[in-house]
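These notes open a run of structures that come right after.
Common to both upcoming complexes is subunit A, partnered first by subunit B, then by subunit C.
Moving on, here comes the complex of A and B:
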């Protein structure tokens, strides 16, 4: 029997996870906090990969595994597919999501005015700050992708970039 | 009757092996399972020659011995499931179904946060589920 969990719980747990690791456990070592969160995502990715591929034929090559991540895996976890997949055919894949579900609830601070800068500049600085802040909420999904791919026998490194909220892209570099 | 089941990990490391006979022949089954790993490797590396349909998880009969038939199943994540039975005429569909249930049991066991990936499965719930699958298979009416 499939058991379900409210989406708001998942949102909250991701917020709390980042908060706990980044500000409470390792406030002075952001790198370590990132690694810890990524490791949790990794294990979840391993487990989900096993579950979601239960009823399908085996993958022939790396590209098939990546496509699976973009379509079925993303649809299962985030209820939508990846919007754009790019590759340089040398082991680097860029998965772009124009509306990443975990970033859709983020709101920007009101731009600070009256300090001499024009409002468009302030807006720009503001969204840059927001993108940076959003980055730490993507450690977990990065781990998720790496875990799933590792389980399919595709060793890789995954990083994320936030361009303009709520769009983001995941960069997968296959090793070896 | 199923006499032995085994779950083998990505690096051919044993995750779970259990025999279902009263005799003291565990070692023999270990040996059979060990041999079948080579057959799996061979089937996977040249699928065309051996006529396995493209990348299916169910690998079919691995090899028959005098007393046993050995079946294999390879998941997307390179986890191998091996089944040793004494039945001589089995339908593929039945074996496939058994493997599917084994895989489901494994997935649930592996999703346990206390299970360390790549280590032996120690969960008693998994052992119980496997033995109930084995029993249900033995109890199925033979046509």
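Moving on, here comes the complex of A and C:
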């Protein structure tokens, strides 16, 4: 049987990875911290993709590779599949996860609600704040996807958007 | 500790578990990135220890909540609990405690293997790296949260050619517990 560890090991290492690079090592250079964290995810994505595809033939086209990410790869890493895949048929794919595992336990300190603001404004401000904070935790999975697709011979750039926690979307832009 | 001889097994069976591959590869990629960022191996050891410390101070809550253990009566029992329950609950492996000093303040935690080092081989250029040093920080951080100041360091490492992983654990000070509130408040 494959070796197992407690899931809290994964949660802890991800949390601490972001804390190390974004808060401790590069507190004033968020772009640099993001690049480092993404690079670590990229490395892991490369290696995981290699392991997950040992037994199967090469992908026929980009769409097939992306579908593998949405189904098999996501299920292995996050125990569920991507919920929705959209494409503009010109090299941009949007992978939506309605309940992204690493954001399900994400919470913020209680918002400081000023008296003069309406509740919808406060909600908006709060959700913007949450998205920004959650974004730090998406550099690693963006790297994972880019690493896996690179291994499949699909050069791309990957970014992420948080809509309403714990949902998020990964945007894959294929290069060339 | 419960009388059961393998107290960690039930705990490990009860927590959410995942395939170790993602964890092992993520840790490896972090070490690799730190080696690129810092060049000095000693500094990488220090960074790993700090990361571990920050994890340990949070992980202790998870441990105390789920491990189903009673208060340890002395440091010997604490060490046994770390290798039999702590390592098992998180990493799925157990170790042994050995080499106690005469006043029972210093011992060795021995691990035959651990999931951090699966697929790992260190290149010549990494002499001096304690690859699993994060574990020292985790133990130090966790113990500090239960009022024990310790010094924790690797003395043997399979990746450096030793037969086992040996972590030397030294109790520096048992900080008396201070309650933040009086009983009647």
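The working rule: the second predicted complex is superposed on the first by the 170 of 176 C-alpha atoms of A that agree within 3 Å, B and C clash if a C-alpha of one lies under 4 Å from a C-alpha of the other, contacts with A are read in each partner's own complex, and residues count from 1 in each chain.
As a working rule, a contact is a pair of C-beta atoms (placed from the backbone, for glycine too) under 8 Å apart; a residue touches a chain by one contact, two chains touch by 3 or more.
These numbers were taken from a predicted model, which means no experiment stands behind them.
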Now for A:77: first (subunit B), second (subunit C), both, or neither, which partner does it touch? second
Should A:10 be classified as contacting the first partner (subunit B), the second (subunit C), both, or neither? second
Which of subunit B and subunit C A:47 touches, first, second, both or neither: both
Applying the document's definition of touch, where does A:20 land relative to subunit B and subunit C: first, second, both, or neither? second
Identify the partner contact of A:39: answer first if only subunit B is touched, second if only subunit C is, both if each is, neither if none is. second
Quick one: classify A:176 as touching subunit B (first), subunit C (second), both or neither. neither
Contact-wise, after the overlay, does A:59 reach subunit B, subunit C, both or neither (first, second, both, neither)? first
In the superposed arrangement, what residues of subunit A touch both subunit B and subunit C? 43, 47, 51
Going by the contact rule set out above, which residues of subunit B touch subunit A in the complex? 10, 54-57, 74-79, 100, 103-104, 106-107, 110-111, 113, 117
Give the list of subunit A residues in touch with subunit C in this complex. 2-10, 12-17, 19-20, 24-25, 36, 39-41, 43-44, 47-48, 51, 76-77, 79
Interface residues, subunit C side, partner subunit A - complex: 12, 15-23, 25-30, 32-33, 37, 47, 50-51, 54-55, 58-59, 62, 89-92, 115, 118
Spell out the residues on subunit A that touch subunit B in their complex, using ranges where they run on. 43, 46-47, 49-51, 53-60, 151-153
